[in-house]
Amino acid sequence: MPRPTDSEPPATERRSRPRVPRSNEWRTAITEIAPNRIAVRGYPVDEMMGRLSFSDAVYLILRGELPTPSVGRLFSAVLVSLIDHGVTPPSTLAARNVATSGAPLRASVASGVLGFGMYHGGDIETCMRFLGKALGRVREGARPADAAAEVVAECLRTDRPCPGFGHRIHTADPRAARLFQMAHELELEGEHVRMIREISRVLDARPDASSRALPVNVDGAIAAVSADLGFEPDLANALFIISRVPGLVAHSHEEREREKPMRQIDPKDHVYDGPPRRRLPESGK
Amino acid sequence: MPRPTDSEPPATERRSRPRVPRSNEWRTAITEIAPNRIAVRGYPVDEMMGRLSFSDAVYLILRGELPTPSVGRLFSAVLVSLIDHGVTPPSTLAARNVATSGAPLRASVASGVLGFGMYHGGDIETCMRFLGKALGRVREGARPADAAAEVVAECLRTDRPCPGFGHRIHTADPRAARLFQMAHELELEGEHVRMIREISRVLDARPDASSRALPVNVDGAIAAVSADLGFEPDLANALFIISRVPGLVAHSHEEREREKPMRQIDPKDHVYDGPPRRRLPESGK
Amino acid sequence: MPRPTDSEPPATERRSRPRVPRSNEWRTAITEIAPNRIAVRGYPVDEMMGRLSFSDAVYLILRGELPTPSVGRLFSAVLVSLIDHGVTPPSTLAARNVATSGAPLRASVASGVLGFGMYHGGDIETCMRFLGKALGRVREGARPADAAAEVVAECLRTDRPCPGFGHRIHTADPRAARLFQMAHELELEGEHVRMIREISRVLDARPDASSRALPVNVDGAIAAVSADLGFEPDLANALFIISRVPGLVAHSHEEREREKPMRQIDPKDHVYDGPPRRRLPESGK
Amino acid sequence: MPRPTDSEPPATERRSRPRVPRSNEWRTAITEIAPNRIAVRGYPVDEMMGRLSFSDAVYLILRGELPTPSVGRLFSAVLVSLIDHGVTPPSTLAARNVATSGAPLRASVASGVLGFGMYHGGDIETCMRFLGKALGRVREGARPADAAAEVVAECLRTDRPCPGFGHRIHTADPRAARLFQMAHELELEGEHVRMIREISRVLDARPDASSRALPVNVDGAIAAVSADLGFEPDLANALFIISRVPGLVAHSHEEREREKPMRQIDPKDHVYDGPPRRRLPESGK
């Protein structure tokens, strides 16, 4: 896998001279198109094919530069983590309801993307701001544990949920745990991951914690990890879209192939009949 | 990278007993959700994170099984190939026009997905059927070159374009060439790739070929490669969506960050000002 | 209500001279915009306000000319007929699922529009082609009753539903009956309405008609009425969108106002608690 | 046109007994569906057809009750006012770009709906809140003119536009003028319309008013009128969607019928070639 290194060569002679834009022209820094030539952030797409993984290409197009190997590994895990969550999320149900009407697959997928609302995917951005507030207190001199206690108290006082915590179904989100573990092992843990752990400790120490668990959820974990990687909130939110679109495709396709049109979709009345639980085969490496 | 092998162990005791669905239940084979457990096509998602690449996870969720290493490499190149094509495709312009209105990023992306119409992305499915028709003649006993000539003659006679051939901008599509090269090197070339090459030879031999090139375009290449990998037309079409969504995110984000709201977007009046052409760094391996 | 009459005055001096378009210009015949002047199909929009009903304005923008009074009345009834059909249509469920995710109202409505698929709203266009086929036989010399019997037999033989007939819930669609009654009273009944009635008679005379009713449904009625009014299939389909959008708005709004976010929406578990059945007040005229 | 009157008869025997919902049931107050019976807010839809105008039916489904005659007239003018604004709004361009890709008409329309962002249509809601702030000051004892001056000064000081004022193209919006005239004539002018006029006077008296006009725009006028009619901000915003969808249909259809697929749509290079300016025919009444 090619990676940026310190010894990267200087720009070659093939470098295109940046021409001065005319006053009425607008600018884009994403992809340069010329006859028989397509370059994404400067790299020829045909050179990227087979040499860059898809997740590295996604990172490149969003951030403008290639990830380092460890960042690339963590980023890829982020995209894998959200790929699907079964039939009950509202985005999946929106996609399936559109599919049952006989609409084309891309209409179902678009409808699913529209179902990533404030309470579903949108929590990534909200959680980034929440962590930012706590870290602001730290920068003003507070100890991290005190800053965490303060922002939690504010949520509890105003009876609002702590963004990035709690889940409809899980009391411990396996995706969040794995992301934190990877960030730690890859030495990519930063102040946001450390702060979300502080906040989690505060929540676990609540008097009523035993009656209702408030674990870090996957949105919270991705918010923390993405913030440590330097993602802007708008783009961190978009990671949810990029990651989940394949899941929406799979559900839309399954609805079209397996079910009768115009059925009434009750999210509760379903049963999983796919492959039983299994382990990944050992790596051939 | 873990891969299926012939020596894959039998299902373990952890295997969940498939229960008999009640009559009013509907079924899904994609993802099994239980408290603190998420399994995609049987594999725990937290085990997939860090061990499966995102493109392998996409393949898994669409097809139900992991790709072999060579299929995984080719599939990843397919996803990379379509990641973006600059500011002029109608899907990108739809996304940017929604962004300039001040709508949220996911509205822009959904609008872009809706812009993958019959003439833009939809060509993958059409080309698969076109190749299928030519291969049908071969199965009836025709020589491949004759079958190719026949389906081309039919297009020219009815004055319709050959699906998967020709491009607004490119006379030789670098993405198509690279995909065919990879399919060949990975020994994944099948009857669809061979047939699209036959058809390409027929088109190049047209009397007026010098005045108007009709190269295999990336839709055609993906149609042929996906068909050889066993993808259904509906899902092959969806590869365009999955691959291009990151590009739509990048354009929507750039529009929001760099431009004034409510501007009139003229696709012709733009200039690229991103990084100059550059080579991928050598792989560290 | 102003209406076109035979004595319409000649174009006034205010008439803008149509200028010859330059070669690179594209043309629109819908709305002319100039500073402080907006004219829809030639009529100043501020003059239309208060003088044209909304449905007449819709007719004008779709067809280019004002309806006659009787056409305007029938067209208005078409738009009213489809305004809503409760919570169970897939388009409404798509909209509500997007709303429960916390997405903005316009995302819910767009998602609902995407849920007007082939089996839900798309039947209008299919039914227009079905009626056209039967009328083609009549033009070739068949008696209408025979043409009707022939196209029905073809459906039954191929085990496909007759487009425009049958309903999930209704055995006699009150909206279809009312539309036909109005078309008759307004003397706007044409060959399409007459043909759909022929077809309906054939279906009612089936041996198994008593066990499964196949009444003309509202899609069929609108297909027949719109075709007699000269609507193209594409625009007839669009009448469903225009008419139902207010219903989608009402459902999206109700979901946001009455329900908790992120709920699981089961279409079967609902109860109506709005105003009891009531009569329209007598007209004051 | 039937209207609510004081002498409305008591509920008839046909009134359905409201049954007590079971605990797991959710509730809707919009439309009651039973076999062969559809009632919107209690009124049978087949009785509404031909007796209620489409705009009265829209009002009914959004608000739950029929409008009085004068409210119905003003509401109808609101819907007519926004029906179209030519080819340059971003929502229209999003719809046309989706149409040129060969996507179905409903995908174009949905894309247009998504293009009603914060700066385009979304201003209605923002302006309602802006007027509400000024009226809050009045309720605290300020004179209306002083309250208006105060909120304008706040905008100018923070260099933000006054919501509901100014237009890309018009220096005096004919739609706003007509709406205010109608509200006045129908005696439906309330505190919001009076306040927006106060604010307009303040803006016209700015020192630099001659160099850059800031007229009330149509969003502002609709915000004021809708607020006086008691619409919630969310629903007032939705009036833009309901009104403009027919325009989006007309543009999507024109794009499909008149233009070649996959064209590059430059919003500036267009010319109007529809009917010349004309007067509405005199009413036959």
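Residue numbering begins at 1 within each chain, and the chains themselves are lettered A, B, C and D in the order written.
Please note the rule applied: a contact is a pair of C-beta atoms (placed from the backbone, for glycine too) under 8 Å apart; a residue touches a chain by one contact, two chains touch by 3 or more.
Model, not experiment: these values are computed from the prediction.
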Centroid comparison with chain C (C-alpha atoms), farthest chain: A
Distance between the centres, which are taken as Cα means, of chain C and chain B, whole angstrom: 37
Whole-Å gap separating chain B and chain D, where each centre is the average of the chain's CA atoms: 41
Distance from the mean Cα position of chain B to that of chain A, given in whole angstrom: 22
Chain A: positions in contact with at least two other chains: 88, 103-104, 106-107, 110-111, 114, 116, 121, 265, 269
Arrangement of touching chains [line / ring / star / complete / other]: complete
Chain C-touching residues of chain A, taken from the complex the two chains share: 88, 90-91, 93-94, 97-104, 107-108, 110-111, 114-122, 168, 261-262, 264-269
Residue numbers on chain A that touch chain D, as the complex places them: 103-104, 106-107, 110, 114
Chain C residues touching chain D - in the complex, by the definition given at the top: 1-5, 8-9, 11-12, 14-16, 18-19, 21-22, 24-33, 35-55, 57-58, 61-62, 64, 66, 69, 73, 76-77, 79-81, 83-88, 105-107, 109-111, 113-114, 116, 121, 169-175, 177-179, 182, 234-235, 237-238, 241-243, 245-247, 249-251, 253-254, 256, 258-259, 263, 265, 269-285
